[in-house]
Amino acid sequence: MINKTVANAEVAVADVFSNAVLMLGGFGLSGIPENSIKALLARDLHGLTCISNNAGVDDFGIGLMLQKRMVKKMISSYVGENAEFERQLLSGELEVELIPQGTLAERVRAGGAGIPAFFTPAGVGTEVADGKELREFDGKLYLLERWLKADFAFVKAWKGDTAGNLIFKGTARNFNPMMAAAGKITIAEVEELVPAGELNPNEIHTPGIYVQRIFQGKDYEKRIEQRTVSRK
Amino acid sequence: MLNKDQIAQRIAKEVQNGQYINLGIGIPTLVANYIPDDLEVVLQSENGLLGIGPFPTEDKVDPDLINAGKQTITMSKGSALFNSSESFAMIRGGHVHLTILGAMEVSENGDIANWKIPGKMVKGMGGAMDLVASAENIIVAMQHCSKDGQSKLLKECSLPITGIRCVKKIVTDLAVVEVLPEGGFRLLERAPGVSVQEIIDKTEGRMLVEGEIPEMSF
Amino acid sequence: MINKTVANAEVAVADVFSNAVLMLGGFGLSGIPENSIKALLARDLHGLTCISNNAGVDDFGIGLMLQKRMVKKMISSYVGENAEFERQLLSGELEVELIPQGTLAERVRAGGAGIPAFFTPAGVGTEVADGKELREFDGKLYLLERWLKADFAFVKAWKGDTAGNLIFKGTARNFNPMMAAAGKITIAEVEELVPAGELNPNEIHTPGIYVQRIFQGKDYEKRIEQRTVSRK
Amino acid sequence: MLNKDQIAQRIAKEVQNGQYINLGIGIPTLVANYIPDDLEVVLQSENGLLGIGPFPTEDKVDPDLINAGKQTITMSKGSALFNSSESFAMIRGGHVHLTILGAMEVSENGDIANWKIPGKMVKGMGGAMDLVASAENIIVAMQHCSKDGQSKLLKECSLPITGIRCVKKIVTDLAVVEVLPEGGFRLLERAPGVSVQEIIDKTEGRMLVEGEIPEMSF
């Protein structure tokens, strides 16, 4: 089996270039590629377009890339909880394209799956529909939406093997599998990297074909945004 | 007038056995606390879970298990995990029976606005546009009027809308209101101690009032 | 959790009606809903439209439904290995719509996912494109294809729980998950039915939301079409 | 003239390290036997497997593990299973680097016909139309002529076509032929003992012959 392992995050992101289009997995701060983001922050990059459901918080995740002014444009569905983001947006420093979450997920899936466009009901009659083709099927209106692809996709999995196969855990799966498939170069970081053959082929969420580089991540912080508990 | 928990409690009465339900952030999340124990329902979290359980005890908190409001949660027995594309396939495909969400405005033809205040709030629509474009039954939980006293049940939405002709029912601090298929609101119930006249006065859109309007019971 | 269990195949298929549109999972004879097919054969049904990648063989699978003249129309990608099928087709008794396999898979997925139409490159320049909208995206030509849905979808899984969650095994997964999502009523038969809570939520292939009825299958024959072995 | 195994053996030389490959039914399936051990490649089966291993020994036969030709197979180390929609997402999305398949006809602009003989054969296209519409590199394995001596390398396909302008290379019992981007065939190699003239005679489409044409080596 083809071995996709690279030494660490620094090696994995070494050829990311300014003005590239990136995808970053995660929902809120759950399942984000922490190691890759840290390695990207250490590089001198600018003009990036980041496709990610959220934009992190001020001092973690993509929020840190915004602080460093590496990002020219965000393509997201929800960008609350980020004061620096809002400041850059209102001042015009940052371009933002807001997309309904399901449309975002499906556009990314379409990018990986070779579907250049599809119809969805989300956004009909709203400003999301501006400039888009509207068509009726079986009595209901739909919008035509295009695929999304990226030069580099960054995903975070629970377990992975050297062939690039990935297994996610809990709701940290979210956008990661679709982004893995939509990246020209997909870089996966995992909490536990095992030799090919150790994962059950029936339990794999992302087949290795989508992953170009994989590395063992370290020091996961896994920050929680809304720690909510109930009494015993 | 109902408080938030009472609005949630009243909405819980709309829940039917066997339903798959998506609860939005805010008051809708509270609905889970009032669903009768004898009803078998499954709560969907659009970030990739069917079967939301109670919030975890301190020792069970797992950063890899959150709901769409980014709160830590648990899984109920028989739950399933999946990715965001599958999650919205479920929603768009009409497999989720009931969606309960908050709103800033609802118009008398069922349009809803809940994602943007131009020049002020630019957080994004999240999954709301997909949900309102897809679910067969959509119930809105909100205050009847804004903080400065403006009605939120309008002839037409003034804010950028999230979806058209989709809201079926509205539960506010004052009333339970149906959106008629042909357009227009119809008053179904009033909050304890609230008069029909007060509800009419606080509703900008057309409000049909037929016969005796019962007080809500819980 | 909602309990979807029914007693057996006979109960599960009791309300299937003549002229209904059915989907049946499986690739060749692998992963086909053997028990449901047997129960359908015992009923007096006709005029069925069957959406299935293949049409079984003469004496097994959907082939048996063809023998009984229950099927008006087949929608498939490959229908070789079936003499009775070919006879009915050439004599005009049977209508057949042949669809590229990937397009079939994606049309069924679209049906479950609320995507009424999408563009695909498969079939451009061929008779499959006849009467379909052709459009260029990024310099390449694509066809517009519509979703497929069914009145009843029949799927076969390895394990399932009473909430309708399914896990498939090996390549017997194939079309089953998409069909489960595209059926108005989806009937799942499983080799092993367990109480809700016994399957790992992270390993489930088909979430129970798509399944309306589930039953413990029996007497699986699992016929092999091309037994091919190598010497030790 | 090459036999089927030799055609497969010659095609195996086109395989590059690190490729994901889809092998069609027939001669293409035989290619797997000739891929050098020092190349790391992964074979895709469009019914839902990455990492096809050798055929099983009698005691390891599993009806739940077959390839697209419905033959019983095994899985190699590091393989992954998935559904048909994901499988063709991989194919359509361009993730499979090389597709090797059989054909009844190939035209000089790279059109391929391999799924239907009107009035005679109605088996269906299976995954072939998706594969040829998607893969960046498509190699055809076939006999140079039909059983009744008609060339299968044509100016235009006479049978219903499977895909347009997609074939990059053809390996037959007589020759290795490239399809030029601007149209037309180009002779690259000839089978041992076969003359350039015989190949030209048996090719209906335009065949460019430049310089010395080497004999195939294995």
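Letters are used for the chains, namely A, B, C and D, taken in the order the chains are written, and counting of residues starts over at 1 for each.
We adopt the following convention: a contact is a pair of C-beta atoms (placed from the backbone, for glycine too) under 8 Å apart; a residue touches a chain by one contact, two chains touch by 3 or more.
Chain labels with UniProt names: A, C = CoA transferase subunit A; B, D = 3-oxoacid CoA-transferase subunit B.
These numbers come from a predicted model, not from an experiment.
Q: Out of curiosity, which chains are bumping into both chain B and chain D?
A: Looking at chain D and chain B together, the chains touching each of them are A, C.
Q: Taking mean CA positions as centres, which chain lies farthest from chain A?
A: D
Q: Where the centres are mean C-alpha positions, what is the separation of chain A from chain D, in Å?
A: 36
Q: Per the centroid of Cα atoms for each chain, what is the distance between chain C and chain D, given in Å?
A: Averaging C-alpha atoms per chain gives centres 28 Å apart.
Q: Show the residues in chain C shared as contacts by 2 or more other chains, in ascending order.
A: Expected reply: 106, 109, 113-115, 120-121, 168-170, 202.
Q: Which residue numbers or ranges of chain D touch two or more of the other chains?
A: In chain D, the residues touching two or more other chains are 49, 81-82, 88-89, 91-92, 134.
Q: Check the chains against each other and report every pair that touches.
A: Contact pairs between chains: A-B, A-C, A-D, B-C, C-D.
Q: So in the complex, the part of chain B that touches chain A is made up of which residues?
A: Interface residues on chain B, with respect to chain A: 45-49, 54-58, 61-73, 81-85, 87-89, 91-92, 111, 122-130, 133-134, 160-165.
Q: What residues of chain A sit close enough to touch chain B in their complex?
A: Chain A residues touching chain B: 27-31, 53, 76-80, 86, 89-90, 96, 98, 100-106, 108-109, 120-128, 158, 168-178, 205, 222-232.
Q: Hey, which residues of chain A end up touching chain C in the complex?
A: Going through chain A, the ones touching chain C are 106, 110, 113-121, 135, 137-138, 140, 142, 146, 167-170, 202-203.
Q: Please name which positions on chain A make contact with chain D in the complex.
A: 1-3, 109, 111-115, 161-163, 165, 181, 196-197, 201-202, 204, 207-210
Q: Please name which positions on chain B make contact with chain C in the complex.
A: 18, 20, 40-42, 44, 49-51, 75-82, 86, 88-96, 134
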